[in-house]
Structures are given as C-alpha cells and as structure tokens.
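You will see two complexes here that share subunit A, one where it goes with subunit B and one where it goes with subunit C.
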Partner chain A sequence: MQRYLVKRLVGAVPLLFFITVISFAIIHLAPGGPAEIYLGTSANPESVAQINHALGLDQPIYLQYVKWMFALLHGNFGTSFTTGQPVIQDILQALPVTLYLVGSAFILGWLIGIAVGVAEALKPYTRLDYLLTVVSFVLISIPVFYLGLLLILFFTVYLGWLPSIGMVTQGAPFSFLDLARHMVMPVAALTAVEVGFRARFVRASMLEALSEDFIRTARAKGLTGTVVVYKHALRNALLPLVTLFGLALPALFGGSVLIENVFSLPGIGRLQVSAVFARDYPTVMAVNTIAAVLVVVGNLLADLMYGWVDPRIRYS
Partner chain B sequence: MAEPVQGLVPEMTRRELLVRTLPKVLTLPMGAALLAACGQIASKAANTSGPATAAATTTGTTAATAAGTPVGGGNAIWSTYGTLSFINPILVSDTSTGLLVGFLFDPLVNFDTKYNPIPGLASSWETSSDNKSWTFHLRKDVTWHDGQPFTSKDVAFTVQAILHPTYTGQRVSNYTQLVGVQSYLADLKKLQAGLKAKTLSAAEFNTQTLAAWQSWIKQGAVETPDPYTVTFHLISVFAPFLTNVGGSSPIPEHIFKDTLGAAMPKSKYNTQPIGTGPFKYLSGNTTDHMTVGRYDGYYGTKAWLSEIITRIIPQVTSAEAALQSKQIDYSQIQPPDAARFKGLSYIDVLTSPTFAYEYMGYNLQHPLFQDQNLRIAICHAVPKDQMVKTLLQGYGEVVWSHGSPARWDYNPNVVKYQYDVPQAKSMLAADGWKPNSSGILEKGGQPLKFTIAVSQGNGPPQKAAVIIQESLKQVGMDVAVQQFDWATFVNKVLLAKNFDAAVVGWSLGPDPDSYTIWHSGQAFNFVSYSNPEVDKLEEEGRTTLQQAARAKIYQQIQAILAEQQPYLFLYSQDAIDGLNKRLEGPITDSPRGLTWNIDQWFIPKPMQGGPGLVAG
Partner chain C sequence: MAALREPTPGPEAAPRPLVAADDAAPRRSLFWRRFRRDRLAMAGLGMLTLLYLMAIFAPVISGHVDPNKLNLLDALQGPSAAHIMGTDEYGRDIWARIVYGARISLSVGLISVSIALTIGIAIGSLAGYFGGFVDALLMRFTDAVLAFPILFILITVVAVVGPSLFNIFAVIGLTAWPGIARLVRGQFLSLRERDFVESARAAGARPWRVIFRHILPNAVAPVIVAATLGVAGAMLFEAALDFLGVGLQPPTATWGTILNAGQGYVLAGDWWFTFFPGLFLVLAILSINAIGDGLQEAFNPRALRR
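== the complex of A and B ==
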C-alpha cells in the first residue's frame, strides 16, 4: 500500500510537469500578448517591446518556463500582470469560494444521485423510474449556465426570494444565513448536473448488482431487504462508480467557471477567465497548475478508495 | 505624433468608457467588452473670447425622480462587468477600473455634460500669447486622501512618471507635443535598437535611458514656479491639449516617487489608491467588489452618499436581473431588455447618445475597393435604417460620415447615399459589372467577391456584418464573413491591414481631432485612406483653437468622407442605463456618462438601507 502510494506520487510528477509545459505553451501561443491587449489600439512596436521587457517576455520561451518553474518550486507563483500583486494572494482569496462551491456540489451530487439511482433500481420500469429517468436526462442536457439563469429568473426576479450576485450582502454584517442564501442557487445548479449523471450510473450499476447470485443467496439466507440492498447490493454497485470520483472533479471545475460567472462569485473560475482574456500568464499558469494538482490528487484518492470499498483489490 | 483619443469598439458597451476624468479608457476584452481609447472632453481654448458656449448638441434623458432635499448617508450599489486592474490614472486601461478612478481621482480640468470645461483641481487656466504654453492655477485647499497637500509638484511628477523610460502605460502619446519629448522618444528608440542589436548591454541601456529622461526633465517643459502654478510648454499650438492633458488626473508624488516605471504596477497603491476625488478607497478587492466612501477632507462640496459599493458582475444578464430584483442600484441595459425595464415603476431607464459609431472599413489597397463607385453602390445597397431598428431596437441613429450626431462638430448636411437597390444595381452595371452564370457579378473574368472580417461575438457588429452580406448578395456580390478573436482581430487583421473589409467601431473622444484615423499613414488609418486635402484639414484642425473655426474644419472633413466612402458608415448606438429610483439628485445621462457628478446624488433617509426599500 505504501509502496503503491509512493509509486503513484512519483508517477504524478512527470504528469504535472507535462501539464505545465503544455499550458505554458498554449497560453504563450495564443495570439496577442499582455502588452498588445493592455495597450490595445495604442500599441506600437516600441511600447510593446518596452512592456514585454518589463514583464520579462522578451526572453526565449524555454527560459521563461525554466524561470517560472524555478520560482514555482520555491513556492512563488509570480506577480499578476493585471494587478501587480502576488498571484498567490488572488488565488487564496478565490480558492475557498470555488472549493466551497465544487465541494458542496460534489457531495450533494453523490448523495442525491445515489438515492435517486437506488430508488430507480429498486422499482425498475415503473412510473417512478421513468419519471426520474426523464428528470435525470433533462438535468444532464441543460447547460449549467442556462440552468443558473433559469434559477435566477424564477427565484430572484419573479419570486424575489434569493439574491443572485456574490457570496454575501455587501455592507451588511456577515451571517451564515446570508451566505447560505447566496449559495443555494449556484450550488443547486452545479449539483443538478451531477445528480443527473450519478443517478444514471447508480441505477445501471445497482440493477446489475441486484441480479447477481449473491443477492439471491443473501435473500435466501433470510436477510432483511434493507441489509440486502444497502450492505450487499449497494456496496458492490458503487465499486465501478468510484472511478468516476476522479473524473468528476475536472467536470465540476469546468462547471464552476460558468456558474461563477453567472452568479458573480469571486472564485477561481472567474479569476481564470479574466486572466485568460488579459493574457495574465502568471495567473493563468497558477490556476492551471493548482487545478491540475487537485485533479491528479482527486484521481489518486479515487484509486485509494477502490481498495477501501473493494477488499479484493490489492495495491502493489 | 498623434493622440489616440479614439478606440475600436467590437461590442456594445460604449457607455462606460465615457467615464469621468479619464483622458483615455481602453477596455480589456472581457465578456461583452470593448477595446476603446476614450479621449476626454472637448472645449474651446481658455483664452478665446466670449462666454463658454454649450458645446454638445445633444444630451440624454434626465432621471424622472423629483429631487427632494439632499441628505447624507446611504450606500449606492453600482455594477460593472470587468475585473478591476490598476486603479491609477496613468495606468488604467479598462472601463471598469476607469469607473473607480473616476470616483477616487479628480482631473485638473473637469467637463460638464455639454463638454464645457469647468474647474477641477485647477481653479483657472490660460494660454500664453503665442498659444503654445498652458498655465494652470491650482486650488490651494486640495488634499490627497492621506491628508498630504496636493501641489504643482504632483502634476509635474505625473508627467515625468508617464515619460519614464520603463513606464508601462499608454499615456505617452498625450505628451508628445511637450517641448523636447519627441527628440527624447527618438533617443529612447535609438537606445532600444542598440539593445536589440547588442551594441548596448542591459545595464548601459538602463543608465542611458535614465540619463536621457533626466535631461528631458531638465529642459523644463513642465514648470512649477510655485506650489500652485504649473506651466506646460508645447512645441506648437495644439487644440486637443486641454482635453488630453488638462482633463487627466495627477497621481501623488509622495506615494509613487520610489516606484517609477516598471516598478509602478507592483505598488499596492494601485489597488488601495490615494486620490483627490470626492470618494476615498475603503475596502474591497479586484474581483468581487470595491467600496469607496465619502472623503470628508474633499475641497469641493462633500458627497452626500456615505459609500459607493461597486460590484463586479461579469454577465450583463446577471446584472440586469440583480437590478430588477433590487439587489443593486445600477446596471447597463441591453436594447432588447429596455422595454421590460421601462415597465418597472422603481427603475429609471436613462438613455443618451454616445460618441461611438460602427462602420465597415474598406481596405483601400485592395484593387476592388479602389473604385469609389463600387463603394457608393455598396452604400446604396445596405439598409442602415433596418440595422438601427433590428439590432439596436431603435436605440441609435444612422450615421453618414465620421462622428456621431451628439458631437459639436457634427455635420448633418453631408451626402447621403440612401438605401436604393435599383440605384446600386444600375451603378454597378454602368461600371461594367455583369452577372455570370451563377448570378455573381463579374468584370474582366473577375467575380465581385470579398470577405468581411469582424471580431468574435454575437452582438450588433457581427449581426451587421451578416446583414451587409445578405444585402450585397441581393445585388450580386459574393461576400463571406469571418470572425476573429479580439486580440487577433486588432493586431493581426486590422493593424496589419490584412483584410478586404472589416466591421468595427470607433468610440471617439470628445475632442474632434481625428488625425490618427484619417491622416495619411497614421496608425489607425488601417484602411489606407489618403487625401491631401483631408491631411491638410486634419493638420489645421489640431492647431486651431477657436471652436467655431474648428467645427468648420471637421465638418468639411466629414463632407469629404461621406462623399468618398472610405468606410461604409453604419450607425451610432445609444447608451441605456437602468437606475433604482431611490437615487436622487441632478442625474442626467449624456455622452459624458452617468456618474460624473455622483458626489451630488443622494438617497432619501427612508431608503438608505438598501435598493430593496424603493417603493414599487
């Protein structure tokens, strides 16, 4: 187990390295550098050269990468081109927002998804099953930003129940109730898509598990229905789903970018979008690297969870 | 050298660029953003005789709320769409940050909604007898938000900071008429070439550029004979000076004296600014919200509002929803939504003409477009009225030449090649264009075929390009439309002159100087228009100080452009602003923008708790 962990962690290093190289190349290849965008129509070769020199962008790209990597290994993400402040400062401000959003949607998505999937699998091909199936597909099909806008239209504009911008009411003292009221809709929108996906997978997996011989055996032993369903069937049904754990994270981060823009939440996704438009390379690279680390770690956790859920799996 | 008081506008947000105090505003292409340099404020020169006449011909609507007696207190909750950047008058380059700069910094000379100059930090100003020197007399009661006095040293320091060899902003072009600047810039260019050719080491380069800068300072182009007088010496008479330099805001020397040039962007005072304006920085950040509060040491009448909270809402739709649900006090409004907001009893919908217009520029180096008859035929074939009706829902006006109807130099009597398809067809036929087997016009075996370049998006410019494409198909032209992302569009398509025709917009500064757009060979003359008569008029325009005489010059230019059609001029959009009715005061929408006098606005006591307390 320990050896496996070490092996995986060592394996993650070149992976992260390649991710940073590719991100670095792509963002530098994008047309228009920070100087051109900042100067806009007043860009002339001299002022562009001057700004590029000030930002160190006149050096060869591999040298820029090496310098960036060197600073990163010393825990330094550099200075934002657009605010002049250390990138880490912006990220530390934005990351909790996104983690809160993505974390809530992730947990709720699984819990509700499992519940819905199990409910469907227990009564397959009934009206309930069809209804939930239709709902799942609707949730999967609606683009998350559109769902967010619909929620705003209904709960904010028509009913006036929930605020639709930011994390908290500005100018009012902080309260958890206020925070919760602000986060209900963004979390709900992001969760909805998750629920749709999870429910479909759980249903299929659960149906398969329920038809296995050991379930029949368990029932024949006279175990109660609850024990059979939740201890025997569900545990086995969840096994293949654990792989999705790791895959779900990048999708959630992607959704979070859109949701943060619709609900004006100051998270990582917002930071990244504006950084890309401004060609703020240090911020773009910092966010990419952190997202990559989170996803790689998420995948590793998913693999480790495999062993916890399925004792047959041995790590070597 | 010219003043880029103009900007390119890809999308429909022209209004926020007309933010107070900014000589130029340029927006990062965030969401529905635009890239627009915005010049400030026209005026007549200070030493011309006669009263200051009302300059702008048109202003927008005034808030319907009957203004009661002003009371202090309350937070106004504003909204803007872009993440904030450097809140520093000499570094700011986008409209969202420009809004904050407007709250926090005052210019030397301010301008009212009709673009008459009014005193700002300078109580009066005059020019020398040869009109080449400008002297500003500063108020003696102005303090920076940290309590330090504001003096002429700050003004001189601001100019030095802009001309510093490693300055990273875009204001240099405003100062090229100052004595010694052009030769100083030429020296810098030489040194840069030396650095590139490796005949100079980086260290030598740095020392020599700094030495050049210091020797320029010693020439005394900006003089400060006493703490409250500052004189600028120009190499020639230059009409846009009062707008471009007088209209800009100084930065504090005691804050920035150790962070000049490339070090300035890293100063924390760009996010926690210290200004001279009616509001001072309180709290906030660059991605979520920024709060400014009344500055009690303000030299003028103190603001009524306790605070202005500017929320950053990247999606216009979200901002509109927040305005409608009383979470915020202000949002810009998209034309299709204006009718809905007009139906809300608690919202004032204010509109104003703007100084922005859209056009399709022809690459005049392209053999096809060297034919003036073809350009005129295209103008006859395109329904501009329909664009205003469908794309702008009527919130705009057709334009027939450079400029917009709201400007004091606007010429309404130019040639108008009206929408007339048969006329277009007969002109093309007379020109020798004949339809081939597939119905496309041909001359000498060459089909009439070209591509319209436009920036990426789904706004009026993109739709206008499609309407042009469809209309020209009716008369037998084979037109394609190609979209580019904004950075590519500006740098690789427009400025590189790598296009047949391009739909884009100008957001003009209040000064009519259009030298950089129409003078032969200038940077923004990417259509390669060249007309000695227009060149001469552009040169005269910037060296003539009397407004009436200048207006005549620019009207003549407009008449020539309307006749020769280097652009297919399309329309000028209106700004549409939604405002919660709890805000009261002298609120008038104009090309000047809405917030320029926000220090005079107030919120009646019963509604000071938030936008939700408005009746209705």
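== the complex of A and C ==
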C-alpha cells in the first residue's frame, strides 16, 4: 500500500513537469507580453524593454523556466505582476472558494445522482424512468453558465429572492445564512450538470447489476427487496463508478471557472481569467499548476478509494 | 423501405479472404432500422438539420436583417413584432445575430472534432498496434492531457495566441483528442489478436495496411459515437470561451458572444438578451447528444444507456 502510494506520487512528477513546461512555453513564447498590456500598443520600445528587464522577461526562456521551477520547489510561486503581492496570497484566498464550489457539487452530484439513477433502474421503462432520463439528458446538455444565468433571471430578477453577486453581502456582518443565500444558486447550477451525468451512469450500472445471477440468488433465498437492492445490487453497481471520481474532476474545475464568472465569486477560475487578460504570467502559471495538482491528487484519491470499496483490488 | 434494404449476399460473397467486412451490409441495414426507431435520436437529427439549414440560409431566415446594424434608438427592446427576440445594447436584432451566429457555433464542432479525430486516431492506432514502449509513452502523454482541466489551458492558450476563429478551432481540436485516442487504442488492443488480423499479417501486409484496412474499419462504431458527442463538447467549449470574453470578440456574432454581452443586462431584467442565444445553444447540444445516444444504441443494442 505504502509502496503503491510512493510509486503513484513519483509517477505524477513527470506529468506535472510536462504540464508546467507546456504552460510556460505557451505563455512566454507568444507575442504581446505584460509590458505591452500595461503601456498600450503605442508604448515606446525603451519603456517596454525596461519593464521586461525588470520582470526578468528578457532572459532566455529556459533560464526563466529553471528559475521559476527553482522558486516553486522552495514553495514560492513568484510575485504577481498586477498586485505586486506574492502570488501564493491570491491563490490561498481564491482556492477555498473553488474547492468549496467543486466539493459541494461533487458530493451533492453523486448523492442525488445515485438516488435518481437507482430510482430509474428499479422501475425501468416506466413513466418515472422516462421522465427522469429526459431530465438528466437535458441537464447534461445545458451549458453550466447558461443555467447559472437562467437561475439569476428567475430567482434574483423575477422573484427577487436570492443575491447573485459574490459570496457575502458587502459591508454586512458575516452570517451563515447570508453565505448560504449567496452560494445556493452557484452550487445548484454546478450540481445540476453533475447530477445529469451521474444519474445516467448509475442507472446503466444498476440495471446491469440487477440482472446478475447473484441478485436472483439473493431474491431466491428469501431476502427482502430492500436488502437485495441496497446491499447486493447497489454496492456492485457503484464499483465501476468509483473510477469516474477522478475523471470527473477536470470538467468540474472547468465548470467552476464559468460559475465563478457568472456569480462574481472570487475563486481561482476568476483569478485565472483576470490574470490571463493582464498577462500576469506568475499568476497564470500558479493557477494552472495548482489545477493540475488538484486533478492528480483527485485521481490518486479515486484510485485509493477503489481499493477501499473493492477488496479484490490489490495495489502493487 | 426497410425490406428493400435486406442483406443480399450477392457480390459481397466474392472471395476477399483477408477483409473481415463480409457482414458489413446486413449490419448497416440493421443499424439504420434501429436508429430510425429511436424517436429521441430522430428528433435530434431533425432539430440539428433545421439548425444547420438556418445557418446556411442565414440571410433569408433573418429576413435580410444585418446582424451588425446598429440602431441606438432601438437599444434593449424586448421581443416584439419588429424584433421577435428583442434587441441588444446597440439596438441590433438578436434573432439575426443568433441566426448568423449559428454559422460559427455550428462549424466549430465539426472542424475541431475533425482535428481531434485525426490526432486521436493516429495516436491511438500507433499505441494500440505497436504496444510496448510506444504504447506506454503515448498513453502517458494522453493521460497527461486528459488529466488537465482543459478549460484552464484553453483560456490560457486562446488569450495568448489571440482569439481568431482559426486559433479557437485549432486549440479546441488540439485538446480534444485524448478521449478518442484511448478509445481507439482499446479497440486495437482487442482487435489486433483476432484471427483476421493475424492472417493479414501472415499474408505479409505492412503495419499501415493492417491498421487502416483491417483494424480501423472494425473500430469505427465507437469512434463515431465519441466523435458525435465530441461535437457537442467542442461547441460547449467555444461558447464558454466566448462567454468568458477570451474567445471571439465583438462585434462577431456567436451564441457565446451574445451571451457574454447579455450577461451585463441580466440584472436589469433584459431576459431576452441571454435567454434566446442560450436556448439555441441548448437545442444544438441536446440534439447532438440525442444523436450520439441513438448511434450508440443502434451500433450496440446490448449496451445500456449510459
């Protein structure tokens, strides 16, 4: 087990190296650096050169990368070009927002998805099944940012019930209720899409499990329906779905970027978009690296979980 | 109609021992019959055809209204007889902008997926056919791309290389192939040990011939399904980039850029500005997903709906 963990963590190193090299190359090889953005297109070449020199952008790119990597290995993401603050400060402020969004949508998406999928699989090809199938089908086809806008139109503009901007009301004393009122729509939008995907997988997997011989055996030996469904079928149906845990993460982070921009939430997705516009290289690199690390860690957790739910799996 | 398409083992029975396609004809006719029975998929196909017709005949459909014609006196009007889907902040007709926007929104999927298919099939075939070190290397690379939160890299790349139509098509295509590569590789792994491949190899066929002539044709079904769903994915990414403001820039009309402009008017209550362009995006993606689902069931009726 420990050997497996070490092996996986070591295996992730080239992956992260690859991702940082690619991001770094793309960002730095392109024309139009931060100096041009700050000074405008009519800036004189000397001031541009001056800024580039001050930011270290006039050095060869491999040297810049080595320096960046060296600093990163010492836990230093560099200084933001826009705020002049250490990038890590911005990241640490933004990351909890994104993790909160992604985490809630992930957990709620699975719980509701499992419930819907099981409900469908227990009464396949009935009216309920068709209705839920169509609903999940529509949910996976709605762009998450459009769903967010629709929620704002209905709950904020039409009904006037919920706030649509930020995490908390500006200037008001913090209260949990206030936070919840701000977060319910973003989380709901992100969760809805997840539910659609999960329900479809759970339904298929559950139908397959229910048609297995051991289910017939369990019923034949007189076990009650509930025990058969939840103890025998559901457990086996969920097994293959655990592998999806990790695969779903990149999409969820992408969804979070969009939702953060719809609801003006200060997460890393919003940080990324504003940093990209300002050519704030250290921030862009930091966000890309962190996102990659999160996905790698998520995949690792998913694999470990697979071993936990399926004792037949042995790590080696 | 279906009866006329029943398999006829006439010329197909000519001795072509090395090609394992002798049962392709009956499979195809069966496939169409199954697909046509799928009402959801057929509805999707009809809807998508309408959308493409709308894009092709945009001038006629929009009533010859210029999608970029400014008319500040008519800004932010709700739906009316003159503007059935209202006007935007510059008084441009939103229906006309949606109709013309369909041209870009509907091409991005096809072009990007063609790029993704080319790369994905190439990498998947090489990895699956040669196995060993080649496979390990290529799949490591594929997993690396697959593991990355694609939207982050898309935002970075598009912002850096510039939001031109070509760049956006290319960048989405260049990041969308890993799923297809893995799928193709899986097909190759299971097909390459089969007898007909073995016999082709024994007859002296070169690797590229075995790959293109013997293995790939048998791996077509799942690839088509993945490509279809990929079209919806590419469309979604393009709209997302436009929506975030890093994609195509105004005044270019795409469903994403209209949504981007409309977002600023949501709280003012100008619902038509975002509601209609998004609705068309949903309709298009819904249709493609329905078609993809139908294809999957028609190709492989035993496979349960995902």
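We adopt the following convention: the second predicted complex is superposed on the first by the 313 of 316 C-alpha atoms of A that agree within 3 Å, B and C clash if a C-alpha of one lies under 4 Å from a C-alpha of the other, contacts with A are read in each partner's own complex, and residues count from 1 in each chain.
Methods note: contacts are C-beta pairs under 8 Å (C-beta built on N, C-alpha and C of every residue); 3 or more make two chains touch, one makes a residue touch a chain.
Note that the structure is a prediction, hence the values are computed from the model and not measured.
Asks: In the superposed model built on subunit A, check whether subunit B and subunit C fit or clash.
Replies: clash
Asks: Report for A:N261: first if it touches subunit B alone, second if subunit C alone, otherwise both or neither.
Replies: After superposing on A, A:N261 lies in contact with both subunit B and subunit C.
Asks: Which holds for A:S141: it touches subunit B only (first), subunit C only (second), both, or neither?
Replies: After superposition on chain A, A:S141 lies in contact with subunit C alone.
Asks: After the superposition on A, what does A:L149 contact: first (subunit B), second (subunit C), both or neither?
Replies: The answer is both, since A:L149 touches subunit B and subunit C.
Asks: Touch test for A:G109: subunit B only (first), subunit C only (second), both, or neither?
Replies: Neither partner.
Asks: Examine A:V287 and indicate which partner it touches, taking first as subunit B and second as subunit C; both and neither are also allowed.
Replies: The answer is second: A:V287 touches subunit C but not subunit B.
Asks: Output check: A:V273 vs subunit B and subunit C. Expected answer is one of first, second, both, neither. What do you get?
Replies: After superposing on A, A:V273 lies in contact with both subunit B and subunit C.
Asks: Please indicate which partner A:S164 is in contact with in the superposed arrangement: first for subunit B, second for subunit C, both, or neither.
Replies: Both partners, subunit B and subunit C.
Asks: Which partner does A:S23 contact after superposing on A: first (subunit B), second (subunit C), both, neither?
Replies: second
Asks: Tell me which of 243-251, 279-287 or 297-305 in subunit C produces the clash with subunit B after alignment on chain A.
Replies: That would be 243-251, the one stretch with clashes.
Asks: Residue by residue on subunit A, keep only those touching subunit B in one complex and subunit C in the other, then list them.
Replies: 30, 32, 149, 152-153, 156-157, 164, 261-262, 273, 277
Asks: Using the touch definition from the top, list the residues of subunit C that touch subunit A in their complex.
Replies: 40, 140-141, 143-144, 146-153, 155-157, 159-161, 232, 236, 239-240, 243-246, 259, 262-263, 266-267, 269, 271, 274-275, 278, 281-282, 285-286, 289-290, 293, 304-306
Asks: Using the touch definition up top, name the residues of subunit B that touch subunit A in the complex.
Replies: Subunit B residues touching subunit A: 4, 6-8, 24, 26-31, 33, 35-37, 75, 77, 82-86, 93, 165-168, 170, 172-173, 185, 188-189, 192, 261-262, 264-268, 270-271, 285-289, 291, 307, 309, 311-315, 317-319, 321-322, 324-328, 485-488, 490-492, 495, 523-524, 610.
Asks: Touching subunit B in the complex: which residues of subunit A?
Replies: My answer: residues 30-32, 36-44, 46-47, 49-51, 53-54, 79, 81-85, 90, 93-94, 149, 152-153, 156-157, 160, 163-167, 170-171, 261-264, 266, 270-271, 273-274, 277-279.
Asks: Under the touch definition given earlier, write down the residues of subunit A that touch subunit C in their complex.
Replies: 14-15, 18-19, 22-23, 26-27, 30, 32, 133, 137-138, 140-143, 145-146, 149-150, 152-153, 156-157, 164, 200-201, 203-204, 207-208, 249-251, 253-254, 257-258, 261-262, 269, 272-273, 276-277, 284, 287-288, 291-292, 295-296, 299
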